[in-house]
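Paired with subunit B in one complex and with subunit C in the other, subunit A is shared by the two complexes that follow.
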Partner chain A sequence: MILCLFLAAVLPITVSRLMSSFEKGIFSRATATPAVIGAEGSRLDLALQSLYFNRKLEGTLPYSEYKRIVAAGDVKAIPIHVKHTARDYPIVATTNEYFSFRSLRFEQGRPFGVIGECVVGASVAAALQLKEGYGVLSDRPDLLGLAGDYPLKMKVVGVLEKQNSADDAAVFVDLKTQWVIEGFGHGHQDLESEGQAENVKRESDRIVALPSKVVPYTEIMPENLASFHFHGALDDFPVSAIIIEAPDVKRETIFEAKYQNNDRGLQFIRPVESLETLMSTLFKVKRLINVNTWLIGISTALLMGLVVLLSLKLRQNEMETMFKIGCERKMIATIQLTEMGIILAVGLGLAVAFAVLLDWLATRGLENWIAGQ
Partner chain B sequence: MNRHREYLVLALMLTLSLMGCSTSETTSGEAANAKPSTQTKPVIAATNFALQSMAKAIVGDFADVIRPQVQSSPQRGLDTEEVIAMQNADVVLTNGPGANDAAWLDLISLNESRVVATTSDEFELSDFIQVEDYRTVHSHGDEGEHSHPWLVPHCWLNPRLAHSQSLSILNRLIAAYPDQKETFSAHHKSLKQELQSVEALAGEVAELIQARNLTVIASDPRLLFFTRSLKLDDNYLLWFELPEASAAIDELEKRKPGGQAKLVLLCAQETCALKSQLEEATGAAVLPVSLIESAEVEPDSARDYIAMLRENYQRLKSVAEGMTD
Partner chain C sequence: MISIKNLYFKYPKSDFAIQISELSMSAGQRLAIVGPSGSGKTTLLSLIAGIEKPVRGNLSVCDHDVDSMNDHQRRRFRISEIGFVFQRFELVDYLNVRDNIALPYHLNRGLKLSPEIRKEVNVLAEKMAIGDLLHRYPNKLSQGEKQRVAICRALITSPKLVLADEPTGNLDPANKQIILDLFFEQFSGSARGLVVVTHDMAVAEQCDRIVDFSTFHAAKMGASV
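Now for the complex of A and B:
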């Protein structure tokens, strides 16, 4: 009977707890991200990318849009650009303001200072065994591209504390570092310097780099930092999304109005609203489970009632004997009710304990799971 | 006896707890007293010497104004501590895209909201100087080989524009520290007077140059903001590095005006090494002009910058006065 009760109760309790944890988890991050602007397209993709860095957006907006918002000074703006990965973890290009915006604390090191530096989330650091001072390579987006850019070896200057959020599984860089990875900027090696003597072959009219000495990645170091530069205006370079934090509802509404029916191909979204659309589908499934739960509950109760009645019938002689030796009918009823109570308590208790355990395990990986979708 | 012992224990506990309170009060008091001494001044960063000087003159002792040394010695490269100090600064004063004085800003992570382009608000488009015959050529990327004219960053050599920049600095600093408005405005008034006196001196020198019929050539376009402040037409060489003496003499001879006009060559820094040779060979007056890119000592006020600016005009004035028909 305990097993029967456990099986009947475990599914609805677990589903209910998981759904509420999922809802809490997903909405807490969305609520902490009041508004986002991005290129026109899927609102849900834009919300998911700005929250979990897991969608590749078709459209981008120019960096000048971010500068324009900052110059206006009405709201706080934090740009995000996600396009590449490093060892399969998303490279999130942003500004140092992102860390304070998400209240991220550093376990080691500091925020990025110059291009080529990165800050890694706790999960990335643990999985790739990275520490301050280590290097991590960006992934090549197209392995077959003959003219593909070299990966960038980024120096880890900071490791974030564990947050149980998508930030744990991200590699944070400055926007300019991302633009170098994208090929908008590059540096030059001085092949004539003494340090390069072993790496080059001097011919009569030229200096040729020896193929075996060519490093298969780019690394920005103090020695070559000054040679890095960008081709084109930074204002035209891409940004995936801009997180907006307005000081009050009034200014957020005024800001939103500027992006309604604009002819610049931009859209304003509130991630909470986008996620509510997503969650409404999940809630339909939950409602189905709820109906199912009621049906199972009723059938289990009927089954339990039948079993109890049969049990009482079978134990009638035992009860008669107890009555004859002096036990009051009230006491007999109490004993039977206690037995029932113990069965109910143990069965339901096991179900709740199982649900709590599953919820705890699921919560730990919930954000990462969402990020992986 | 037992009751007495209880009283004794109670009294002891009370005394200890009072001592505890008294100790904690002292600690809190000390912390409160210590707080002002541990409070650091606000930090403002500037990318060039003139901006640093003007900001310092406006804020006085209220804030520390820092300037990364990479600007005055690019070969030294970017220093991590300086970068972090700039990131932590409340305001970062720069020239602006039309007169970009710090290309290295593209290589560091700064919060855009703290960066102020001091040439954006108060400058007219005609105030910027674009040098068509000195172009930067690139031959990389999808665009192939292309070039663009050089934009001169040395706007601080013109006192009128320096005053415009100082207004931008003042407005931004008041926005950042509204409670300091009166102090900053008072300090700015003194700065403005000093810059206006230099501007008046520039006017005097301009009249003198015209009266003496002098032809003024700049050794390179970096001095164009200085020559334009003297209401002179752009007339410059491209001597960014020290040229060979013979080539320099030839080039200067070609630029020599006809008739009675006399030639003054304004030279920036290293070109002045040829001063005596050029003067002897061409008869031109060769005058060093400071680009005011840095100073050996950190400025206590704008006086160092303004003194250097004034000295540029004063030197030219002395030369012009000495050149009689």
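Now for the complex of A and C:
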């Protein structure tokens, strides 16, 4: 009977808990992200990209749009640009304002200051055993690329405290660092000056070959920092999205109006509204499960009622004997109710404990899985 | 010890009734009640034990006027004065022998399961030759062993009167005499009374008196002695 109760109760309790946790988690993050500007395309993808950093967007917007918004001074703007990964964790290019916007605190170190520096989330630091001062390589987007893009070795200058959010699993860099990784900018390795000759293998006067001693990644160091430069106008460089925080509803509405029916291929979204579509699908599933639960619950209750009645019938002699020996009828009823109470308590207790355990194990995974769809 | 005068009892919503004009038993006496099935023997035991209340008449047991007691008083009387041995033993399957014997102490707040009582459980069990079975459960006992446990349970509260309903009814012939000898041994030389309902004349003949219920009818207007 305990198992019966457990099986009947575990699914609805677990689903309800997971849905609540997921709803709370995803909506709290969405609510904390009032508005986002991005290229035209899927509103849901833009919302999830700005919240969870793991969506491929159809288009980007130019850095100049961010500069224009900042210059206007009406709202706070924080750029987000995600394109590459470092050991499969998303590299999120942004400004240091992002940390205060999300109320992120540092367990070690400081925010990034120059190109090549990065701040890692708590999960990244734990998984890759990174501390302040360590290095982390970006992943090569195309291992077979003839252009031979080299990964960028970034210096960890800060480790964030655990947030139980998507920020734990991200590597934060300055926008220029990300543009270097993308190939918009580069530095130069000195192969000509004294002491570097051993790095060059000349096969002839016309052909210069580099031996395998040449480091197969780019690293921005104080010695070569000055050599890093960008080709093209920074204003044209890509940004995935811009988080917008207006001081009041009126200014947000005025700001939004500028992006209605614009000819620049941009859109204005509120992540909460975009996620409601996603949540409505989940709620439909939850409603279906609830209906199923009611049916199972009623069947289980009827079955258990029958079992209890049969049990009472079978134990009638036992109860009569107890009465004849001198036990109060009230005590006999108490014994029976206590037995049923224990079965209910253990069955439901196990279901709740299982649901709590599953919630603890699965909430983060479910959030990331759905965000990744 | 027992005094019955003009007793009348009828089950509600039933035509069955018994009527006893006079019946008495002295302390320390062993009384056998014999008769056909349905004649009212078990009902009489229930009245004596205070499980049922007479509709009218006088019923005095162990100096208690049972006919004038309420339910609570009759229950307390039963705990303190009566031991019951049932035909089908009625042991509790999920309790071991020790706990079955001590069951009256587990179920009644008025009785305290003291260390002395725990020792008494062992003593009674030894007397009934089941001392080495105290940790076993009823499903592992033979019929004879179960009846011995039931007898121990009836005696553990040191009752003044023991009521036994067909104590050998479910025993095979080989076990019957052994159980009877052990059972009646508990009453020899004591002031404890015994009322046995039985079909078995071998049991009845071991008692001091036999009352035959077959001399009256177990019909609409009941049986009377």
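As a working rule, the second predicted complex is superposed on the first by the 341 of 373 C-alpha atoms of A that agree within 3 Å, B and C clash if a C-alpha of one lies under 4 Å from a C-alpha of the other, contacts with A are read in each partner's own complex, and residues count from 1 in each chain.
In this text, a residue touches a chain if its C-beta (ideal position, glycine included) is under 8 Å from a C-beta of that chain, and two chains touch if they have at least 3 such contacts.
It should be emphasised that the depicted structure is a prediction, and the values quoted were computed from it without experimental measurement.
Applying the stated contact rule after C-alpha superposition, one finds that A:K324 touches subunit C and leaves subunit B untouched. When the shared chain is aligned, no partner comes close enough to touch A:A126: not subunit B, not subunit C. Shared-chain residue A:N96: touches subunit B; no touch with subunit C.
In the superposition on chain A, contact of A:I115 is made with subunit B only, not with subunit C. In the superposed three-chain model, the partner touching more residues of subunit A is B, compared with the other of subunit B and subunit C. By the touch criterion stated above, A:A301 is placed in contact with neither subunit B nor subunit C. Those residues of subunit A whose C-beta lies close enough to touch subunit C in the complex are 317-318, 321-328, 331. Only residues 49, 51, 75-76, 78-79, 84, 86, 88, 90, 92, 103-104, 107-109, 153 of subunit C touch subunit A when the two sit together in their complex. Put simply, subunit B touches subunit A in their complex at residues 74, 77-78, 80, 83-84, 87, 103-104, 106-109, 111-113, 138, 140-141, 143. Note for the complex: subunit A touches subunit B at residues 66-67, 70, 73, 76-77, 95-97, 110-115, 117, 174, 176, 183, 185-186, 222, 225-226, 228-232, 234.
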